[in-house]
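Okay, here's the structure, questions in a sec.
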Amino acid sequence: MSKHVEKILRPKLAVEIAGIKLKNPIMPASGTFGYGEEYAPYLDLNQLGAVVTKGMSLNPKAGNNTPRICETVSGMLNAIGLQNVGVDAFIEKKMVFLQQYDTPVIVNFFGNTQEEYGEVAARLDDVPGVAALEMNISCPNVKHGGIVFGTDPGAASAVISLVRKKTTKPLIVKLTPNVTDIQVTARAAEESGADALSLINTLTGMAVDVKTRKPRLANTIGGLSGPAIRPIAVRMVHQVVQAVDIPVIGIGGITRAMDALEFLIVGAKAVQVGTANFVDPKVMATIIADLETFCCEEGISDINDLIGSLEL
Amino acid sequence: MSKHVEKILRPKLAVEIAGIKLKNPIMPASGTFGYGEEYAPYLDLNQLGAVVTKGMSLNPKAGNNTPRICETVSGMLNAIGLQNVGVDAFIEKKMVFLQQYDTPVIVNFFGNTQEEYGEVAARLDDVPGVAALEMNISCPNVKHGGIVFGTDPGAASAVISLVRKKTTKPLIVKLTPNVTDIQVTARAAEESGADALSLINTLTGMAVDVKTRKPRLANTIGGLSGPAIRPIAVRMVHQVVQAVDIPVIGIGGITRAMDALEFLIVGAKAVQVGTANFVDPKVMATIIADLETFCCEEGISDINDLIGSLEL
Amino acid sequence: MKDFKTIVLSNQEISPGYFRMKILAPGYSQLAQPGQFVMFRVQSSMQPLLRRPFGIFRVGFMAADCDEMAPKEFIEIIYKVVGSGTEIMKDLHSGDPVELLGPLGKGFDSGDPTEEKILVGGGIGLVPLYMLAEELVKKSKVRLLMGGRTRDDIITVTEFERLGVETYVSTEDGSLGEEGLVTQVLERKLDKYPNVTVFACGPMPMIEAVEKICTNRAVALQVSLEALMACGVGACLGCVVMGAEHSDDNPQYLCTCTQGPVFAADELDWNKNKVVATGCGGGCK
Amino acid sequence: MKDFKTIVLSNQEISPGYFRMKILAPGYSQLAQPGQFVMFRVQSSMQPLLRRPFGIFRVGFMAADCDEMAPKEFIEIIYKVVGSGTEIMKDLHSGDPVELLGPLGKGFDSGDPTEEKILVGGGIGLVPLYMLAEELVKKSKVRLLMGGRTRDDIITVTEFERLGVETYVSTEDGSLGEEGLVTQVLERKLDKYPNVTVFACGPMPMIEAVEKICTNRAVALQVSLEALMACGVGACLGCVVMGAEHSDDNPQYLCTCTQGPVFAADELDWNKNKVVATGCGGGCK
């Protein structure tokens, strides 16, 4: 049954999140796109909705022992351990490169203590070119400090409230999926001052080498990402969109426009592409082009009309 | 570097769980093997470690609207809604078939209320041929009653304690993975009288048809199973084995002997094969044969020596 | 009901987007009934994960490699490329390994031999009707009404003619045969031959229209349905349709894989089962 | 550093379990340096998900389809079938589409032209040494010590000979060349020619033994390492090895993909980096 559809020539792909204007809803996920420069030879960064950088901490961080990665069925495990150059070196060396581009830069960051979170946010506050901060309260790889901030709504509220006071930039809080009820953390983050939410971070997982009987990762447990986790991510984004009023950025297993559309339709204002960058460095450009084609064919003149259009 | 290994001719594959003797550690996962008879034309049920039947409730249950299933990347979503013939019809019609076999029958069951759980367990208590009960406190598909028993340690304890009083059969409690800390539920189940634990049940997920903008499942949300979820399942089994003293049965994305071995090595005493039965009705026979070959080649004379042999 | 590894014998595009595949299938000449299907495993990887159901178009024999051996049995399936599985299938070649589970399901009931028969096929829905026609022409007059959107959707009609079936083709765009819907042709035929049994397979809107027409005229109807399937053997309960007795309080679900795919029209609840055969809209992966 | 879709030109088993694949690779004759690698995408499905890294064996040219056109550039890779990705690769045919990202990484430094060179290859580790040999023979005497478990592991040695390289073969089981480890041969050669630079690639235990020998004798050594890689471009930080300055308090991690795969031996921490190149033991999927 072919319904008649008015073809659109030049659909509007621009979206706005917490006051940041994005050319389109496609951006990389933190930790899968380095500091941007690694992929600049393959992809015009000006094409992207935003660039999201590797998670920053107050001091440089060495990361975990190796092996740090392992392929799984339609996914991968990583326990990089948040290796990064530290916020000061980032501002000095890495931001300069990104400032060349006409694309908002979202800086992902984390801390081992509340105070560290606050301090990193403060140092990034007046850096030109930083469009927003993405606060990672969810990385499952770091043993430091025991329980993960993002799995305890109280701890999450406390650290978000603190960071909120330290920055005037839009604050995106990135949620962990390793919780019983993602709506609880989402509401806690909203109430503590988040301007937007992004989800999901990786799901904790493990793989074993049956010959050596050792875990495949030096860290034993790592974060699962890639197409395998997409149904879990779509479900959580759907639930969070219903629980909060702030915008939501969908993440998890996106490899093509059809995947991005699932998140947009359940209500994400934008999406992040992670593991798929490793597989195909040009994947975000392809997704943007295919999103445009989809809108043309389906008669959607503004992608905002598609966002949250799920029919239940 | 080839270490010298003594080849074994006839390794022992038998394991024991809560007093039930299994010929080998391989059995189907509930809901993926019907009542056993559906797969009997393809596979000799006498070969299996045990047969685990579709989840039973007190009254017959019609299940959800369609579509009930949807393929995802290396996995599937289901929202069958626990359709079943009801415990009385099961005892009368389905158990008779299974009693022909020399294989322990584990009956999976659930209830919508504590009392229903207790009543189903009571009715199954004196049925000949029922080797153990597997209590599903974790199915995410049933809207009835709101919050899932297995995601609330208090509710889980209460219902398990009640069931414990109603049955003299070994009681296996099947845990849901949709929780922040699986060790908490595992300990709650052990303290409330579980003789063994099985995990994981499906992870809640969702998929969207981007053309119709409708969820692919009539129920919107369903349970994700298949190879995609294996790393999450292995991680949870690893954690639970460390948290409790009772035996653990590993479930999640097993498609071949290598997959089963991951669970055994982290400490599962046996494993269940779910979605893979749909893909290959003979898969469990293949896994059993390949497990035997693996033991021969690796010089393992008793599979119990392999269980929990993870090197950290 | 068998489950074995086998090989593709040939695989050809017979019309744009439609492929016909011959698969070595020992035992099928004895086992397969008109209207049954197979669960086909595209390749032994995890992607696509589940087997795909396909109706059996026909069972045939080909000469063995040497004289002393029995001729080899094969089945033919005809499929439309709609998604990830069929995309891979179209690239299979002679000799490629595949897996077959089947024949599965409840096929057609040939009905009263004294009555004439009308087969209604819509596009790829024609597939299960061929073996049925082979059976029916032995005893009764058989007419085939074949419909499609364009002429590309009109497949294998000459083969039905070779069986002695009287065929009538219609396309929505008039590019082949009569312009219009196959249901219009059905109404005309039923005006002329009211005492027939109708067998229908095709897209759900067509099947629903056929059901209305037949019920209004009290004409016996059997339909072959599609549903999303995981196991094909009655184990997963994924493929159900609502039965005639279905109500919200007293639900009656029938398995398309074991109680179907062929149903007598009066076994089903026609108000509710629109969800049947929604398919995955091409792209659920 | 390019990223493009291309096609397989040929793919042949050259020794049991070892395959040699020619891939159309425009631009590589200008770009590729000895010791660099490519990230190879086996097929455009999700399984296997990640690209696989392979050393560039050599860059070549073949006649164009018509006289006016420039000759076509290709690269050759040689791979051992060890797991899910290489299992699929071995079944690729001429004309099959694949994707190449590269050339990537830091290759070998040719060193002092007045010094003689010794290349040490273990099995598949020979691969990156061929382009290096092509370069080195222009200026220096080059010897290749090639080791393997059995003769099946001794590949492409005659091609090195054709370049004018003096070759010495050893196998652990004595099935080809001298019986024993390649490192025994290395010690003998170093006794005779102490003023050389050594270039080594092979399994980690071999590389570690070579490092001990060279360090003891103060012989300059460059090694090419393997590590598990997701991106190949320095973005994921999955492929790191510990640098010479590494300590628990002051960790120094180097990316094998961008700061390697070739390292001067003194850049690395030889006490700790045994974890390098563990590979996935064949079967991580």
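The letters A, B, C and D name the chains in turn, as written, and every chain counts its residues from 1.
What we mean here is this: contacts are C-beta pairs under 8 Å (C-beta built on N, C-alpha and C of every residue); 3 or more make two chains touch, one makes a residue touch a chain.
None of these values were measured; they are calculated from a predicted model.
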From chain C, count the fewest steps through touching chains until chain D is reached. 1
With contacts defined as at the top, give the pair, A-D or A-C, that has more of them. A-D
For the pair chain B and chain C, the C-alpha centroid-to-centroid distance in angstrom is 35
For chain B paired with chain D, centre-to-centre distance based on mean C-alpha positions, whole Å: 46
Numbers and ranges of chain D residues touching at least 2 other chains: 46-47, 283
Going by the contact rule already set, what residues in chain B reach two or more other chains? 72-75, 207, 210-212, 227, 258
Counting only chain pairs that touch, give me the topology of the graph as line, ring, star, complete or other. complete
In the complex, go through chain D and note every residue touching chain C. 45-47
Touching chain B in the complex: which residues of chain A? 72-75, 77, 151, 178-181, 203-208, 210-215, 220-221, 224, 227-232, 234-235, 238, 253, 258, 261-262, 265-266, 294, 298, 309-312
Contacting residues of chain C [partner chain B, same complex]: 1, 3, 41, 46-51, 99, 101, 227-241, 250-253, 275-276, 278, 280-281, 283-285
In the complex of these two chains, what residues of chain D are touching chain B? 46-47, 205, 283
Can you list the chain A residues touching chain C in their complex? 1, 73-74, 258
